[in-house]
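Listed below are the structures to be examined.
Two complexes, one shared chain (chain A), two partners (chain B, chain C).
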Partner chain A sequence: MKRLDVREFQKMIENASKIIIANEPYLTEIDTVIGDGDHGIGMKRGFSALCRMLEKQEFYEVDSLCKAVGIELVKSMGGASGVIFGTMFIGGLSKLPHENSCSLNQIAAYFEEGEKAIERRGKAGAGQKTMLDALIPAVESLKRSAGLEEEMEGAFLKACNAALEGVKASECMESKIGRSKNFREAAIGLPDPGAVSTSLIFKAFYEELIKEQ
Partner chain B sequence: MKKIINNPSDFVPEVMEGILLAYKDRVKVLDKDKRILMKSTKTKKGKVGIVTAGGSGHLPVFLGYVGDGMLDGCAVGNVFASPSAQKMTDMIIAANNGAGVLCLYGNYGGDTMNFAMAVENAEFENVKTMEVLVKDDVASRPKEEAAMRRGVAGMVYAFKVAGAAADEMLSLEEVAKVTQEALDHIRTIGIALSPCIVPEAGKATFSIKEDEMEFGMGIHGEPGIEVCTMKKADEIADSILAELLLDMPLKKGDEVSVMVNGLGATPLEEQFIVYRRLHMKLAEMGVTIFIPHIGEFATSMEMAGLSVTIFKLNDQFKKYLRVTASTPFYTNYNK
Partner chain C sequence: MKEERFHTPLFMAVPQACLRYAMGITMKIINEKEGILDDVLQGIMFTQQGTYIRMENEFSYMLHRKDIKNQKVQVILNGGAGKGPLFEGFVGKGLADAMVIGEFDCAPNAYALYEIGKKIERGKGILFLANNYSGDYLNNDMAMELLSAEGIRSGLILASDDMFSAKGERKENRGGLSGIGMLTKIASEAAGNGLSLKELYRVTQEANCRMRSMAVCVSEETNKIQIGAGFSGEAPSIAEDFISADQLAETVIECGMEELKAYENSKIFFTVNRMREMTYVEGYVVLMSMKRALEKRGYAIGGAAAGCYYDAYDSNGCIVTVLAANAEIERYIKTVNGYDFTI
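Presenting the complex of A and B:
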């Protein structure tokens, strides 16, 4: 597949919502040790609202879909996670076409802009034990795949794996930002909950994408 | 978990319902949204709006200070989580009386990010805004990183100053300036004896041994400077004062307001024992206390412990503390 259809993308995001909701206990468990235990609850709240919205509404352009997704997340989730995961979907809107499908190049540029917007908003960067440690490698991987003109499926598989490696790498990082920075020693050895969520989103994207084949 | 609640997920909405039923003559929600509390008493046209926002679980912070002489609005988040940028935007727009809105809130990641987004949205709707962040927690960062400190109980003084300055019909820039000046003279340190439980998480945020206390702990259970063995009230008061004075030295003749703030499960009696010692020590130094505040001002659910805030005063700040304020949770008639 060379282009991602808006209906397909909507299903991928719906699947990501379901996977996040299903993983709430795990996210809560790690955040209880290295944060204040509410990451899973917040994510579940936001992605449940998103799921309800996507079930009711159909989108015809990829940018409209992503805008609605981001706004719903910011609105329903609150907290730092609401802005961060909302910005992941809103930050790069200008890179998406107002059309019913988009190319891998556009997808890569979209998530890259979103990632940069999160860095600006959160005044954060790589290596600080945040969701960026999963998002940055996923974006880098998407850009590489786009450069090599790979198929959509392969590109999302690699992005998902890159995010998972990022999660793994976050385990030995010392937390420098966000509330988990207050749990410096306790946080070493555990992955960042936001990074785990990010990898779950990319994993869900990939799994939905190949299901359709 | 032992809490007097119904369904944990109904915690915040039910708290809001109770407050609205109790104080419907003075506060209201915006457009039936129980997450945005606005002052409902008369507001002078052209007065700068003062708003804040933050997570639930700290009453009277944050929404308890919405009312005459303090805040015009407060967006309410889930327990220990910032409300969304959307709610903040709606609140900012509603609090604008034509002179702009000061966003005055604690320095926490979620709140700063959501406010940044909300302020952009509000400016887009032609509402002039300024932001002042509260960073009074001395224990959260060393002095050279003071810009990254957390905001705790000292924000109550900032709400009072900002509210009084706005009531004097100062401009947005002037209100922001004087509020920042006040905050430059406000320092807080807290100690915790026991953890608190976020209802939906159902477990304690941290653990602490029976004979220990955490010196410098934040209002969400953020670790402080050190865990030490439990001490007597006078020793605790002395260590807190020493730490505060290290950050903001005081000299003979200075005037301060002192706030002893219970974190939720510490009796008022114990707070007065600590106040007594602080008062004696400051008196020995030749420092006088103006309008002491003793009680619960910024809590952390059922956490035991207290915080001490020192606000170094000048004539203008004294006037602003003295001028009447009356909200559902704060009055200075009794101070």
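Presenting the complex of A and C:
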């Protein structure tokens, strides 16, 4: 598949919502040790609201879909996660066409802009044990795939694996920002909950994408 | 990468003591979990009828004064729920013009802050006031961007009075405790005096710089005074055997004034914010011990208050907030009538 259709993309995001909701206990468990214990609860609240919205509403342009997704996440989640995961979907809107499908190039540019927007607003970067440690490798992978003109499926598989590797790498990182920095030692050995969520989203994207074929 | 890059106002609230309300760890006299915060807002409105307007929003809880004044900057106080009266009870005359709370211990969302800002703005801008935690910073920052896109000016003060949350580090790295109550009053009074957004920001930020809070827990098990424990279980910085309220006040004043040395000739305003298990009586005993400890050291006291404003710790003890006010700040500290916020 060379282009991603808006209906397909909507289903991928819907699947991501379901996966996040299903993983709430695990996210809560790790966040209880290294954070404030409410990452899972917030993510569940946000992605449940998102799921309800996507079930009700149909989108015809990829940018309209992503804008609505991001706004719904910011509104329903609140907290740091709301802005961060909302920005993941809103930050790069200008890179998406107002059309019913988009190319891998556009997808890669879209997530890259979103990732940069998170860095800017959160004043954070790679290696600080945050969700960026999963998002940055995923974005890098998408860009590489786009450069090689790969198929959509292969690109999302590689992005998902890159995100998972990022999660693994976050395990031995020391928290520098967020409340978890007060639990530096306890946090070592556990992945960052935000990075786990990010990898779950990319995994859900890929699984939905191949299901459709 | 240089550490310098990471000096950001990013903290995340971990008030698990408060989460207990939402998660049912400790028995609380409540109904369905979903309706708790609605009851709080409706209760406030019912007991003070005709004072507030509630702005409906699916994911946030917002109140603003009914009598929004023209020709002034509007002050919007916000934060996670569950630590009342901060923030739900701090709207009104002499207090904030509006407040927004998110779910329990969860910063309210950026769109809610933006919507209420847009609704109550009267041409002179908005000052947002929140405690310095990452969720609060991120949502307020985004709300300011949304307002700016519509031509509405706004500023943000992040209260960073929690001295022990990052002791020895820059103040921007610290979280906020109950000091935001005093900042709200100062900002409100200054805004009422017609200060521009820029001036209001400057005065309120100056007060923030001159303010320190210390959480002092008294543990019956160990018979110790513990100072600086975080509300998510971070270890206290100081622990000593408990002897008396006077000794507690001595230790607290020693710690607090150490950092406020630069403002030696200022008037001192302080509050004793009681934790859940501390009684009314104990609050005033500690207040008077503080007064003596300060006077012994030659400080001039401008005012004091004891009450329960920031209900975050499920223990015995108090949060002591000390403000070393200059003449300008002092001018804006007024008594708020009809409430216990006497300074």
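Assume the second predicted complex is superposed on the first by the 213 of 213 C-alpha atoms of A that agree within 3 Å, B and C clash if a C-alpha of one lies under 4 Å from a C-alpha of the other, contacts with A are read in each partner's own complex, and residues count from 1 in each chain.
The criterion applied here is as follows: a contact is a pair of C-beta atoms (placed from the backbone, for glycine too) under 8 Å apart; a residue touches a chain by one contact, two chains touch by 3 or more.
All of these numbers come straight from a predicted model, not from anything done at the bench.
Annotation: superposed three-chain arrangement on chain A; chain B versus chain C shows a clash.
Of the two partners chain B and chain C, it is C that touches the larger number of chain A residues.
In the superposition on chain A, A:G125 makes contact with chain C only, not with chain B.
By the document's definition of touching, both partners, chain B and chain C, reach A:D36. Contacts of A:K176 after superposition on the shared chain: chain C is touched, whereas chain B is not. When the shared chain is aligned, chain B and chain C each come close enough to touch A:G78. Within the superposed three-chain model, A:P137 lies out of touch with both chain B and chain C [touch as defined at top].
Residues 36-38, 42, 45, 71, 74-84, 121-122, 177-179, 182-183 of chain A lie in contact with chain B in one complex and with chain C in the other.
Interface of chain A with chain C (complex): residues 35-38, 42, 45, 49, 71, 74-84, 87, 121-125, 127-128, 176-180, 182-183. Residues 1, 5-6, 8, 10-16, 19, 58-60, 80, 102-103, 105-112, 133-135, 138-139, 141-142, 165, 230, 232, 234 of chain C are the ones that touch chain A when the two sit in their complex. Interface residues of chain A, counted against chain B in their complex, comprise 28, 32, 36-38, 41-42, 45, 71, 74-84, 121-122, 177-179, 182-183.
Against chain A, the residues of chain B that register as touching in their complex are 55, 77-87, 108-110, 113-114, 116-117, 198, 200-201, 203, 205, 218, 220-223.
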